[in-house]
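Two complexes follow with chain A in common, the first pairing it with chain B and the second with chain C.
Take a look at the complex of A and B:
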């Protein structure tokens, strides 16, 4: 699971999604995403092993907003997680949830860095 | 409460209502951002309840399907259907279904909303602010507001305001041509009501349609529009030897009125207009042929040679039974079904089957809301007999219709 920086996060995506490079707006959307995704990731981790239906709902959500914002690797991980749930492969589900947590830690760090860069 | 601090813009007087129902705060804020300025955004289902209670113009609903608690399906079957039952005719909002769910699930939600009487647009997630802005523009022109006009706040007219406008002659006929796809000639025009305000603005029917379809005013308004439209059609006849048909919307209230058939035919005699060139369009929002008096009037008008058309097919009461009634010469298929010809394989099959069934029984099929060349090509391929929509000509006042007809005739002569 050795991702390069650009494989984890595409810093151009949000600007394309919003159609603006306004730093204030970009920062606010990044912060909104980070706060919301923190709770989604926690919910997915809590549901692992007993409620795959709930995980599906959450991954579906994260897949959409993550793609809009540039969280590339996390989005791919969500797709894999959905496939594993559909296939009933609980072992793979558990592994991917672990991978997701790790990816989110890295993604969040990059977004924080991006926020700092924009604010400078 | 908004999370993203957007540039402060003074609230626009003519802002359009947009209700955003999505449990993902990213998409809620994206919608706020895309809709700013020009739209008055609300993000709770309570907004729909309030609109139901206050009978205010609903505007546009941006609806996610997958939400905890009440899903998008629940919103359609409960809140949007409740809004439909308060009978705010013609003011149904445009529903934009925004979802990343599989196509067949979105198809199902679309059909459900259409059956409840709504105009439906679809927006796949993920989407950009630009895409949503374009969709909102389409929604504005799709029916919740006067077509082709700047977004305009249309509070529902009170009865005294409506009466004043009618007395003052502020309601004017707009005309939208229909083309026969076989002959490529203008086969008819539909007359559509607009309110010409004293400040010069033109208001679409959403602000007053509940009056013109009501028991109190339905008969009077239908006859008023006929009287306004007939001179224009007679002018076309004299100037261009045009012998097309005039289509007019007839509310159930008119069909149920004892004297309506006689008063309508009196107007035709007055303007020396052959009954066989008049088509009465009945909307599907209510089953206009359910009552005895309505059937009696229909029979009287049929005997005089007046034709009947089912309007907005697919948006209200199921019409298979009505098609079988033998009353109707024409079926006008709602734009949402016409749009399915290019956007939905299942929807396309349904629409084609309907067109085939009509063709087998010599019922004309008019494709409504044909907006672009791609839709026009799909409509021709599906076997529709007639077409109406922006791809041909938007609804225009009488003077512009005459100018349009003039240009069309000159172009035809050059060929």
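Take a look at the complex of A and C:
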């Protein structure tokens, strides 16, 4: 799980998705994504081991917004998690949830750095 | 005899040349007149930014509701659609959508997430309800790129479906197609809607304008509310590609018909906006530029 920063997060994605480089708008969406994902990640971790249906719903949400915002590695992890749930592979699900938490920690750090850069 | 014949031929050639010359002059003058006419016609009929916005505000502005429980995704989509000139609202749950339908005009089109994951009812159920109760077209957004999903969407009465991640141009084209095929009913009237391309705009380095909340605010936290008309006129100026809006265009947008000579309504509104802007940043001026109209400038 040794990703380079650009494999974790693509800082150009949001600008491309929105079609604007307006710093205020970019920061607004980054902050919304961070807050939203923080709670989703916590919910996924809590549901691990007893409610794969709920995890599936949450991963699905994270996949859509993650892709638009540029959270590349996290989106791939969500796809793998969905596949593991569909395959009924609980061990892999547990491993991927751990990987997801680690990836989110790194992704969030990059986004915060990006917000700081935009605000300067 | 021969000399007379030659003279006749010479005369014929001469008159023929004269005729060609006249035709040429005619063509040139016609072309010139046409060019002049086209120039003036363009100046007279070419829609100004304000008028384009006005048209969208009154007649053609589509009102779209996004029903998606993913707050981030719905927010991004809302921004994209507003930037493309649509008016939007977002419902994060089917309950919110139903509540909005009781208190707001029914939208021209619904964009519904197939999954609606954390909801009891899925997007398919919501789609059935919209089609049967509100009789409006539905486009389902789905991450599933398989035939079963497509069939389920169409069986539920969806007018189209788009696979996520979508290409914005494709989504817009599908929206246009669907709304063209299923226009809103004739009795579907709604009030003028404000085009909000952006949530907030910086008017100067210290003052920002929020058209959604109808206010201008300074970085220090000072905030002044705007009336609906003040918001509309300020938004017109900000949205205009020329950066300015004439009194006549502004009037037509705000009131829906042409301004009569001597009408001072716009002047009064501009004067009020000037006062408010001045309270927050005395370098920010809403000036009148001769031949252009009202324009924002930072001194």
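Heads up, the rule we're going with is that the second predicted complex is superposed on the first by the 120 of 120 C-alpha atoms of A that agree within 3 Å, B and C clash if a C-alpha of one lies under 4 Å from a C-alpha of the other, contacts with A are read in each partner's own complex, and residues count from 1 in each chain.
Just so we're on the same page, a residue touches a chain if its C-beta (ideal position, glycine included) is under 8 Å from a C-beta of that chain, and two chains touch if they have at least 3 such contacts.
Computed from a predicted model, the values in this text were never measured in an experiment.
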* To do: Overlay done on chain A, so just call it for chain B and chain C: clash or fit.
  => clash
* Asked: Does the superposition put A:25 against chain B (first), chain C (second), both, or neither?
  -> both
* What is the contact status of A:87 with respect to chain B (first) and chain C (second): first, second, both, or neither? -> neither
* Asked: With the two structures laid over each other on chain A, which partner does A:69 touch: chain B (first), chain C (second), both, or neither?
  -> both
* Identify the partner contact of A:109: answer first if only chain B is touched, second if only chain C is, both if each is, neither if none is. => neither
* To do: Based on the superposed arrangement, let me know which partner A:42 touches: chain B (first), chain C (second), both, or neither?
  => neither
* Clash-bearing segment of chain B, relative to chain C, as chosen among 114-122, 258-266 or 312-320 -> 114-122
* **Set of chain A residues, in rising order, touched by both chain B and chain C** => 17-20, 24-25, 28-29, 32-33, 36, 57, 60-61, 63-65, 67-69
* Asked: Inside the complex, what are the residues of chain C that reach chain A?
  -> 69-73, 75-76, 79-80, 83, 115, 117-118, 143, 164-165, 168, 198-200, 202, 208
* To do: Can you check the complex and tell me which residues of chain B touch chain A?
  => 3-6, 23-27, 29-30, 33, 66, 68, 100-101, 125-130
* Asked: Which of the residues in chain A come into contact with chain C in the complex?
  -> 17-20, 22, 24-25, 28-29, 32-33, 36-37, 56-58, 60-61, 63-65, 67-69
* **Residues of chain A defined as touching chain B within the complex** => 16-20, 24-25, 28-29, 32-33, 36, 57, 60-61, 63-65, 67-69
